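Multiple structures are listed underneath, in structure tokens.
Across the two complexes that follow, chain A remains constant while its partner is chain B and subsequently chain C.
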Partner chain A sequence: MNMQWMTIYKKECLESARNYKWVWVPLVFILFCIMDPLTTYYLPQILESTGGLPEGAVFDIPTPPAANVFMMSISQINTLGVLVITLITMGTIAGERKSGVAELILVKPVSYTAYVTAKWAAHVTLVLLSIFVGLIASWYYVQLLFGDVSFMYALITAAFYSLYIILVISISLFMNTWTKIPGVVLFLTISIILVLNLITSIFSHLLEWSPTTITSHLPALLRSGEVGQDLWMAALITILLIISLLFGAIQTLKRREIV
Partner chain B sequence: MLLTQNVIDFMNENLAIIAPLLIIQLVLMITALVSLIRAETTKGPKWIWALIIIFFNTIGPIVYFIFGRSHES
Partner chain C sequence: MIHLKNLTKTFGKENAVKNITFDLSQGKCVALLGPNGAGKTTTLKMIAGLMHPSSGQVELSSGGGDDIRKYIGYLPQHPQFHNWMTGKEFLQYVARLSRISKLESIKLAEELVERVGIADAKNRKISSYSGGMKQRLGIAQAMIHKPSVLLLDEPVSALDPIGRRDVLNLMEELKQEATLLYSTHILSDAEEASDEILLMHKGEIVESGSLQDVKERHQVDKVTLRLEGNVQPFKEKLETLPFVTHTDVQKQKIHVYVQNVTEARDVLLELVTKEQWPLLFFEVGQTTLEDLFMEVVNEHAMDDHL
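Moving on, here comes the complex of A and B:
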């Protein structure tokens, strides 16, 4: 079981290397993360050069606090980053089932659990590495251009945010076992995330520990370094959801492939 | 003329800040081009992908990596 798991995990990582994913995904996340700190810093010059202001107008743009600028990078990952994550995971199982590779692998005595969790782990490794590299780059620019943000607190913030991102990967993997069409996986995953956000904001008094609330706790965490009880609970719920999604994905795949 | 002078001044003052951004964009573009050249087949003509990668900064390489490569594994 363990040998098998490592083999699939290594195969996935090797494939990511062949597709240049180990190069381009981290680079793209660095770009997403440093875009906002840079444009915020150069905003006065950008406004001046586009000439939107009348002659002699003095327009004071207040410099945002350093912690807010770091949070801009996280919200960039929350939109563009989540889209890229879903795009690179949408075909991981669905595509292999469509092309018949999955049948080839699963004909051998490979357990479904190993197949799903190793694939999941390979994607989690790649994406988390990219996010950490990106956020460290963002922290560096924030430190350089805006002011002090504790590196330790930034790391803790990134760690809690990672849980939400792992959930996104898990939703995508789960959807991979439901349909063989990658585009449908993309659509379903994004829809679920949007609906989850919507429901959480409508029933905010009932769903205090919804996974999407993790992001709203992060600014306070970044400033104080203290993990509040609500954040712990949201993190716990997120972990439970991730485990259920993986379990669900394994069960669905079993039922589909045996038929 | 005045504008180019301004741009040059601006770059001289801010090169240390902007250089990493430019380098990352360049590396991304080169990686995409290397991948394109080494790929046996792509979805759509190669020369169009080359233009997209070169002229659409950041977005071009991403779109190529996600949609351009045909799965030959």
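Moving on, here comes the complex of A and C:
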């Protein structure tokens, strides 16, 4: 089990290296994360140079607090980032089954648990690393252009946000075992996240600990560094969901016909 | 070794494999023979555990509840690899997945690329491999964990004559190490490499046994004549003879299946001389496996029409 797990994990990491995922995914996240701090700061200059304002008009754009700007980076990840994450994970099992490689791999005495969790871990490593690099870049620019944000608090915020991201990866992995078509995985994963968001906002009084509420707790966390009880519970629920999704993925794959 | 009991696989309403039962005994080389769509691939995939039977089961006598995959090596009809890996890397990867130590898997990979004849390309990306090289790599990956049963799905059908020769030789060697079950729709490949054949048609095993037995069981004496011009009138005349069971026309050739070969030869030659048939070719012989193959397939095809 252990040896197989490491073998698959290393193979996944090597694959990401060979198609340059270790380069472009962090770069993409850095781009997402610094976009808002930079455009917000340079907005007056941008408006001026494009000449969009009528002559004589005076616009007083207030500078937003530093913490808010950092949160803008997180909300970028929440939209564009989630899409990129799903794009890079949508074919990890589905693609192997579709092409037929899975036939050769799973006909060997490979544990399904190792196969699923090693792939999951490899993607979690890549994505979390990219998000951390991106958020550190964001923090740097926020610090430089807007004012002080505690680095420690930013790290804690990123750590809690990571849980939500891991959930996204787990949903995608789970969907990977249900269909052989990567495009369908993408569609299902994004749909589930949207529905989850929608349900949470409609039944907000009932679903106080839904995983999507994590993001709404983050601004307070970033300012005070204090983890509220609701956030702890939401984190716990998220972890439980991640575990059940992984378990579900393993069971589904076991019951599936590989070809 | 491996026992298949009443194995059935249904896709929707279609029975891909119907209630087949057979034993695969140790050290044998068995050819699973049949036309396209006979259910050969489905059978192999069920043995390999890639497909689940609709009913019936596959049992392995040596493994008591153990993971059957340990003992099985499988080569799909069109093997697919991680194309970004090199041939050697892929073999090492598969070896490591089969719980072989790192040092050992490096050694095995080196040995196997040599053995299947892709040593020159071992450090090249698999995406640059030709079809034949992929097939060889496929065989190498199937045998890397020294399985006791090797399942090969059409191992030689897609190869050029040289590749085919090499793979058949390799299979001859492999017979010493493992039980071989391979599917093919090419009769000469079955005749060449196997000890036993299983003839499948429409999901059923219609004939099985050692090659010699099967041949003997279906061997019929046959006289083949090739004539100029329209052969139809001669065919009709031949069918009236008492010792002729049936005839078969193939372009200019008439295959005459007979009961008493000595009598038939004399009578036919006499008839040819007396009536001055435009004879081009005359042969006395016996039916081959190919005739059997055609016969079985046709016989069953006929049943379907009725």
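The rule is short, and it goes like this: the second predicted complex is superposed on the first by the 257 of 259 C-alpha atoms of A that agree within 3 Å, B and C clash if a C-alpha of one lies under 4 Å from a C-alpha of the other, contacts with A are read in each partner's own complex, and residues count from 1 in each chain.
We adopt the following convention: contacts are C-beta pairs under 8 Å (C-beta built on N, C-alpha and C of every residue); 3 or more make two chains touch, one makes a residue touch a chain.
None of these values were measured; they are calculated from a predicted model.
In the overlay built on the shared chain, the residue A:Gln4 is in contact with chain C alone; chain B does not reach it. Applying the stated contact rule after C-alpha superposition, one finds that A:Val23 touches chain B and leaves chain C untouched. Contacts of A:Val84 after superposition: chain B is touched, whereas chain C is not reached. In the superposition on chain A, A:Phe247 contacts neither chain B nor chain C. When the two structures are aligned on the shared chain, A:Ile34 is found in touch with chain B, with no touch to chain C. In the superposed pair of complexes, A:Phe151 makes contact with neither chain B nor chain C. More residues of chain A are touched by B (comparison of chain B with chain C). Using the contact criterion defined above for the overlaid structures, shared-chain residue A:Val107 touches chain C, although it does not reach chain B. In the superposed model, A:Trp232 lies in contact with neither chain B nor chain C.
Once the two complexes are laid over each other on the shared chain, residue contacts for A:Phe203 go to neither chain B nor chain C. Within chain A, the residues touching chain B in one complex and chain C in the other are 15, 18-19, 99, 101.
Against chain A, in their complex, chain B makes its touches with residues 6, 10, 14, 17-18, 20-21, 24-25, 27-28, 31-32, 35, 58, 61-62, 65-66, 69, 71, 73.
Listing the residues of chain A that touch chain B in their complex gives 15, 18-21, 23-24, 27-28, 30-31, 34, 38, 41-42, 45, 49, 84, 87-88, 91, 95, 99, 101, 137, 141, 144-145. The touching residues of chain A, when paired with chain C in their complex, are 3-4, 7-8, 11, 15, 18-19, 99-101, 103-110, 257-259. For chain C in complex with chain A, the touching residues are 45, 48-52, 67, 69-70, 72, 74, 76, 78-82, 84, 93-94, 96-99, 138, 141, 145.
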